[in-house]
Each structure stands twice: as structure tokens, then as C-alpha cells.
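I'd like to ask you about the structure that follows.
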């Protein structure tokens, strides 16, 4: 998005709002990741503690999801840069 | 919700053009929404959920790149289609679909 | 919903809020439609460009979803009208 | 979130009864939420996702009509059930479940 | 969450906000419950009225979901109490 | 969205520290989000969706208890992992993952 037409009060305010939003997005990412990896990795409820195979699965799931997310982000940014040309900053 | 209680002169408070800021926030929300859907749908298409290893393998990596490219093509097609159908009349004449 | 008890300042404000909300809802509809049709129609990632069969599927999916949504909306409005009787305006 | 920072005298600003507006907005949000769920669930019940043609066929159209009717019946039953269970005590005594 | 450091104006405001949020959460619970039980119980669209087997299913589904939710809530609260120790109130 | 239009001196209005309230609300939203996901995921793991009876049977009840315990263990592991990866740099240095 292009914030270059904003005055400094607007930019400062916008930055605060974006920071807040990033915090919320991070929290959302975190809980969705827990849900996703739990859903994929935990299927045995004969005991209440994580089995080592489940734990390994959860660790790999977390790792892989973050790498996946990063790669999607990189392609997404490239696409935005291409689409919008050289004008202004993109998300 | 967030627009209630701001009073009538809400379009200029504290030297800020709030309408412009709100529009920027709406755009930010929309981009975030699209990105989250993209992450989720490409995960379901490309990632093996047995999670035998922590890294993306070659096949998954290539699949992600193609998935994102294809998603944007679908995004463009759907946008053009909706514009052609006049469905975006509701959107107050926004004309930027397909470009995201 | 019945807005008839609102004064004119309230109605004007309400209209602005609703307009804004409709814009957001439309955006949400748009991105959910892209996700839905992509999910249903794209299953081949041996290439990065849309195949013609995929494109046809996406076009039909979009068309059909909007017609579906319209029909559900019509039934929904009828139901609301019946339930609430003749008093006031419904969504 | 949106109610923070409005100060104590928030119930009447700029000649508007904000409590009433907020209630109306909450109702609008709720109706939108129900509608979106209805669209989604009836799509999953009635629409063939091979997408061989752009129009609703006869079977799909009839299915949609019945799906909506049935959904409202379920909505009513669930609302009555929750009222009977007193579960709606939490909602501040709202008594309009089942009528949507 | 620990609200003990809030002054009385803050606590009063917080209570109002929480009350509002509970209302919204209840509405969300209600509509998600309708969707969930409809999805699980209704699969016959040869008629527009609920069959008695479907109705029984919907009633049991509602009952069971609320009991499930309550039990999860009880375990959740216990966990929070353990994690946070004796300091302050938890959600 | 809700932070627009509050003016620059938003951090103290009507004798309230709005920053602190906003933080509390964000925490409340997060806890609610986690709880809803927990309810949903344990329902999918433990509850038979034939709905032959209205009560939780013994097996379902035990499953729920274990499901919640396991979910919190996963929550902790994921939090530690993300902290180790420094992924939480984005979150402004929050260090409370895993404790929820």
C-alpha cells in the first residue's frame, strides 16, 4: 500500500495501528498453528501425554508451516511488486 | 462498530483525515485476508501432512510457487467475471479487482 | 431490522456504517469466492498457468456460486418477511 | 475493542444514541453471520462441485429452497432448546431466538 | 486475566466491554451450533420439513455440544489456574 | 479499525488508560480465540457425530479431558519452538508463549 500521501500525524498513527494489527495477526497465526498441528499430529487419546512420535510430528509441522508461509509471502510480495510497478510501498 | 461514537465531524480529528486512514485499514485487512487464504489453500494443495521432516522438499517448494501463481490467475479471472456481471455495483464502483 | 425509531442523524450515520460494512462484506465474498473456486478447480500443479479446463471450472464456479447466493438471499428475505410480519424494514 | 477510548459519556454523542446504534450493528453483524453460514452450508449440501455448467440446474434449485427452509427449522429448534436449558442466561435475557 | 491493577473507571468500562463481548460470543456460539448440527444431521433434501430422525439428531447434537463445551471450559479453567498460580483472576 | 478517530491523546481519556484496556481486550480476544479452537478440535477428535444420545458417554468424556491436556502440551511445544526460531520477533518481544 502507498502511504506516501499521508501527513506525518497520519503516518505515525498508521504505524501504531499496523503494529497493533501485526501483533493480533501474530497471535492468530500462533493459535491457528497450534490447532493445525494438533489436528494433523494427535490422533491417539488413550493417554493424556504427547507421545514422542506426536511430538516430532508437531515440531516438523510447525517448522514446515512457517517455511511454507515464508515462501508464500515471498511469492506474494513479488507478485505485488510486479502488479503495482515501481510506485510506492507494498505490503 | 468502530465507526459508532465518533460523532459527526469524524472525518477530521487531531489533524488526521480519518476517512483516508480507514480506507487504508480496510485495504490492509483485505490484503491480510487474501494472504491468509492463500497460505491455507496452498498448504492444503502442496504440503504432505505426515510431517516426516521439518523442511520443505523440492516437490513442495515447486508446488508452492505454482500454487501462488495459479491463485493470482484465478483471482484475476474471478475479478473480471464479477466486473462483467456487474456484481461489483455493490462495492461502490471499485474497479481494482484482479489487480489485488 | 427496524430503523424507524432512529432520528435523522442516527439514520444517516447508520447508512454510512452499513455502506462501509457492505464494502467489507463484498471484499470478503470476493476473496472467499476465489479461495472456494481455486480449491475446487485447481488440482494440477505440474505447471504454473491455468489449464483451459481449470479456467472453465473457475468461471462456472463463480457464476454458480453467485446464483446460489442470490437464491439463498431471496429465500432468506422471504423468511424474514414472514417471521417479522408487516412491521418495519428487514435486512 | 471499538468501545475503548470513547469516554464515559459515550451513550450520547453528536445527538446520537450510540447504545442503540451499537445494538443495531450487533444485530446486523449477527444476521450477516447467519446468512454467510446458510450460504456455505447449503452450498455444501446442494451444489455439485464439478462445475460442469454455470447455471443452477433444477435439482440444485429445489435443493436450495428446501435447504433454507430446513435450516430455519433447525435454527428455531436449537433456539428453543437453548432457551429451555437456560443457556441464554449469558445473553442478558435475550428472548428472540428461533425468530432470528 | 488480572484486572486488579485497574482503577474503578477502568474496571467499570472493562465490565461493559466484556459483557458486550459475551453477548457477541453467545450469538456466535448459537449460529455456529445451528450450522454444526444442521451439517451433521440434515442430509435429505427430498422434502423441506425436518424429519423426526433429523429433529432428534439436532436436539442431541445441541445438548451434546453444550455439554462438550462446558467440559472443555472446566478443563481450560483448571489449566489456567494451574499455570498462573494463585495470582489474580483468570478467564 | 477501532483505533482510528480517537485522536492523538488517546492514551488517557476520561481518566482511563486506554492502552492498558486495549491490551487487556487483545488478551481477552486471544484467549477466546484459543478456547474456540480447542472446543472445535476436541469436538472433531472425541464426539461421535451420529448423535444417538444427548449425553457425553464415558469414552467421550475421558477423550475430552485428554484432548485438552494434549492441546496445551502442543501449545507449549509450538510456543517454545517459535521462540527458539525467533519468529516471535514480530510480536514486539512478547515472551509468554507456552504459558497461554
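The first chain written gets the first letter, and so on, giving A, B, C, D, E and F; residue counts start at 1 in each chain.
FYI, contacts are C-beta pairs under 8 Å (C-beta built on N, C-alpha and C of every residue); 3 or more make two chains touch, one makes a residue touch a chain.
Given the structure is predicted, the values throughout are model-derived calculations rather than measurements.
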item: Distance-maximising chain from chain B - centres being C-alpha averages; value: E
item: Per Cα centroids, the chain farthest from chain F; value: C
item: Chain pair among A-B, C-D or A-F whose interface repeats that of D-E, sharing over half of the contact pairs by residue number; value: A-F
item: Centroid spacing, where centroids are CA-atom means, of chain E and chain F in whole angstrom; value: 14
item: Separation of chain B from chain C, taking each centre as the mean of its C-alpha atoms, in whole Å; value: 16
item: Intercentroid distance (Cα basis), chain F paired with chain B, Å; value: 24
item: Junction residues of chain A - those touching two or more other chains; value: 9, 13, 17, 37, 41, 58-59, 63
item: Where chain B touches two or more other chains, by residue; value: 1-4, 6, 8, 14-15, 21-22, 25-26, 29, 46, 65, 69
item: Contact footprint of chain B on chain C as seen in their complex; value: 9, 13, 16-17, 19-20, 22-24, 26-28, 30-35, 37-39, 41-43, 45-50, 54-55, 58-59, 62-63, 66
item: Residues of chain B that touch chain A when the two form their complex; value: 14-17, 20-21, 24-25, 27-28, 31-32, 35, 38-39, 42-43, 46-47, 49-56, 60-61, 64-65, 68-69, 72, 99-100
item: Residues of chain D touching chain E in the complex; value: 3-4, 8, 22, 26, 29-30, 33-34, 37, 40-41, 44-46, 62-63, 65-67, 69-71, 73-75, 77-79, 81-82, 85, 87-88, 90-92, 94, 97
item: Chain A - residues contacting chain B, complex; value: 1, 3, 5-7, 9-10, 13-14, 17-18, 21, 25, 37, 40-41, 56-61, 63-65, 67-69, 71-73, 75-76, 79-80, 83-84, 91
